[in-house]
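Several structures are given next for inspection.
Both of the next two complexes hold chain A, though its partner changes from chain B to chain C.
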Partner chain A sequence: MTNRAAALPIDLGNGPFAVSTRGLARRFGSTRALDGLDLQVPEGAVYVLVGPNGAGKTTLIRTLMGLVRYQAGTVSVLGRDPADRGAEVRAGIGYVPEDYRVGYAWMTVGRLLEHQAVYNPSWDAEYARELRARYAIDPGRKCHALSKGQSRRVQLVLALAHRPPLLLLDEPTDGLDHVVRDDTLSILSEHLADSPTTVVISTHRVYEVESLVDHVGVLSEGRLLGQLPRDELYGGLLRYWADVPEGWRGPGELAGWVVKRSHAARGIEWTVWGDRNAVTRELSQAGAEVREVVPLSVDEAAVALLSGREAT
Partner chain B sequence: MTDSMAGRIPAMKAVWIEQLRVVGLAIRREGTLAALVLGLGSVALIAFSRMPVLQAMLDAEMGELVLDPGEPPWGFFAVLAGLLLPLVVWKGERRFGDTPLWSLPVDHRRHALLKVAAGWVWLLAILGVALGWVTLTTVASGGTMGVDEVRVLILDPVGAAEGTPGATESVGWTTPWWEWALPFTSATAAYLLASTLMLVTARPLFWAVGLWVAGAVVVAVGDKWDIGWIQRTTEFVAWYAGGDSFTRGMQLPIGGREVWTLLPTMQMWMASSAFWIGLGLVGVLGASGRARNH
Partner chain C sequence: MKIRLSHADGRPLYVQIMDAVRSGLVRGSLRPEDPLPSVRDLSSSLRVNPRTVSQAYAALERDGVVQVRHGKGTFVAPGVRPEETERPRLAREVARRALADASRNGLGLADLMTALREVEGGGVHGDGSKEDGR
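And then the complex of A and B:
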């Protein structure tokens, strides 16, 4: 069987993009952390970067922050190259790192917020107080005495309170219990409603942030497998359940890209990227009886794309 | 806040003042401890010197306290403070990788230099206060400032690295003005070199000890096998630009008096200060550049 449809799209058009990379590459020894990456994050988008551990998500975010130097390609963050103008780039970013340790261990949270305010001329002290109260953060507490969840909340306050045009959140819900996680997502939603912000969220728990997301990028081994608006993903990446006769070999040619295929005794469960009507028609013509076609959540889509790479 | 402020980098003056504050907070605990030790030591010294009863009770006599800023222990403490302070300045600060410091909107190299400079300002302040305090203690205990006579060890042959303690002669000497600057310059050099290690390695103590041991091995090898270039380098580092001329002459304990192998000169102090401070500056500037390249 051959696929007439191309793999998932990567080019999101002409922008404008808050973040874009072209052919971005970075090696650590013999490991290719980023391998010719073409990232495009439209202005105002909430872009989730999905991928397994070691896919290159954190390296990518650190590169965008100017914390890791890239070796090939081009990078533009808020119109600037972080390698040359790192300070200006970071001034426009609210950053929640993967590491949940905050600031100086010996410093109190209140002093840490003052410290951050000095570095961000756009710091909104009133908003910071509001967030701190909402997260029930004790300003007199020493940073080293914070739990993982409390540290995460402090990091979120530090990232949001200067209302940056771009948020880079690396596993932002990691370490949060269910209640705090829901509160965090609700704060993020409100923040996005109040402040025009582009958000890049790196996570392998897509289901937690799915309600916020409008663009998806799937990263594996330093390369993007796909990059597209969420609605386009919902409409184009579908799971087909069909009954098939014994010895069924499938259509000779399919107007879609089979991302993942599973076989039961007399049935198939295929995840296909392509036009729904055309794929259904061609499966039927090949002798399959299509019983159900369902869209995938972003989380399911990511799992299918990442686990079904060999099927391509 | 206005939208036009979003994405603006902070003024360097604000960052500088903040780093001064942060370093001040970082060293607060250790500084308080040192002040406490200094204070208690001073009280004990003054009490001992002013109360013959106390001396009789302890069956001990206290000699006159002489403050000569270039001499041990003052020079030693100044260098020690310079070596140890970077550990406190960078306390709680992860210096490598994805850390809060490097995530702030300031050029990494500039930020590292500002932090080192803030620590240096505190070092000078601490030394100033300590020296002032010791001066007060000396005066309060009836001691004297500076020395008026030293004993010089006559080396045989002249210029040899070692001599016999017996061959000494007394020389009139007044502590010159630049000796009061000496603790500051030697501490500055030590601070810059230690800061270099802090910026280039995650294990500064390991490297400090390693470099010291490696240096000692190289010197021993040079001596044992008479390797000329090693001996010449050692001589240069240890004598012309090294610790001896940096903090003055060789000292041997003879009857509680200080013995030098030669009288220190301002030129030697300036040359050795320039050498070590220059080396430290080159180190810090080079190491701060590393912060840009992860």
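And then the complex of A and C:
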């Protein structure tokens, strides 16, 4: 009844891509952290990488930065291979790492920011000051004395203020309170309106960045379960609520892939990837009365895909 | 212009922005020739991708509701007739949602019409039997 061939798309076509990998693999001991990954991040996209802890998100981002060596496949970041041109690649990236430590413990935040201005030719000092003020960062504070949230704010200033063509943000809202998180989203919106930027955000809290995102990649055990524009996900992955006769057997065939199903006595709730009209018609022809068809948020879609995988 | 976006809403974000502009026209808080917020300001205040706002403005321009004047911003089109076009259009949209809501609850058009008249006439007012589904 289910048609596995109709699984979510992974190929985004011909690009141009700011980041792409082919068959990317990396093991740590016997663990396959990245297992033949084909990542495609279109230029100018805001791409969210969703997946549970341990799915490979941080390893992937560190590989793109040239901080982790890959063992098989190919990688292109801004047209270069980070394995042999790491420094050049990193110069074009604003990076918020998973780790909270910034600068040297003894250094003040003000000194750290001045440091960037000297070593980074594209550093926008005025923008850095504006961001520092918006984030209420105290330049006199020592790096070792920063809280998690203060550290994240400094890291965001460091990542944004040189207006790099690529932002790699690993759990960027982690440790931020609600107000600062909302400010960060506003800052990112303005940044995108002002500078042409490709953004990759890794997070397991998608709902926080949902409104910024236009591409989605769902990562599980070092592989992508789907990689597609958000609008396509929104239009193609739908939840169908229907009333069905007692003992309903379901349609013989369905023009879609049933990601998740739950069945109460005379009602079903199915999450299906497929053409809305065709699926509705086939459910109706099989005797179901379709009551409602609703799109899933990116967060719900990720949960459905990840839990659906566990069930199979 | 007051806009509240919701991911729980069945409509994509750009459509919610379009509907908010239309409802501003119908309520009279937006009039022909009025400026709309810049893409940067609106995306910042809604915390959405600027492309989503651009997409909404572009679709509204195709519908003849707004005009993008290069270097100046986006304005409500001078020829817009909110009463003649936007009001019926918005009403159809609200009706479509109400019907979908009714259908989800196992109700049909006739049930909805009867209930609307009763509620509007005050017949069922305040006795708790009025369902608004939210």
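Definition applied: the second predicted complex is superposed on the first by the 306 of 312 C-alpha atoms of A that agree within 3 Å, B and C clash if a C-alpha of one lies under 4 Å from a C-alpha of the other, contacts with A are read in each partner's own complex, and residues count from 1 in each chain.
As a working rule, a contact is a pair of C-beta atoms (placed from the backbone, for glycine too) under 8 Å apart; a residue touches a chain by one contact, two chains touch by 3 or more.
It should be emphasised that the depicted structure is a prediction, and the values quoted were computed from it without experimental measurement.
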Exercise for review: After lining both complexes up on chain A, report clash or fit for chain B versus chain C.
Suggested key: fit
Point to revise | Following superposition on chain A: angle at chain A, chain B versus chain C, Cα, nearest 10° | key: 140
Practice item. Could you tell me if A:R69 is touching chain B, chain C, both of them or neither one (first, second, both, neither)? Key: first
Review point. More chain A residues touched by chain B or by chain C?
Key: B
Point to revise | Partner chain in contact with A:V102 - chain B first, chain C second, else both or neither | key: first
Exercise for review: Pick one for A:S189: touches chain B only (first), chain C only (second), both, or neither.
Suggested key: second
Practice item. Tell me which partner A:S122 touches in the superposition: chain B (first), chain C (second), both or neither. Key: first
Practice item. Give one of first, second, both or neither to describe whether A:Y207 is in contact with chain B, with chain C, with both, or with none. Key: second
Practice item. Look across chain B and chain C in the superposition and give the shortest C-alpha distance you find, in Å. Key: 20
Exercise for review: Find the residues of chain A that appear in the contact set with chain B and again in the contact set with chain C.
Suggested key: none
Practice item. Show which residues of chain B lie in contact with chain A when the two form their complex. Key: 1-2, 5-11, 14-15, 17-18, 22, 25-26, 29, 91-94, 97-98, 100, 102-108, 292-294
Exercise for review: Would you pull the chain A residues touching chain B in the complex into a rising list?
Suggested key: 58, 62, 65, 67-69, 78, 86-88, 90-92, 95, 97-99, 101-107, 111, 115, 118-124, 143-144, 162-165
**Study point:** Contacting residues of chain A [partner chain C, same complex]
**Key:** 46, 182, 185-186, 189-190, 192-194, 207, 210-214, 231, 234, 241, 243, 291-292, 294-295, 297
Practice item. Going by the contact rule at the top, pick out the chain C residues touching chain A in the complex. Key: 5, 7-8, 10, 12-13, 39-40, 43-52, 100, 103-104, 106
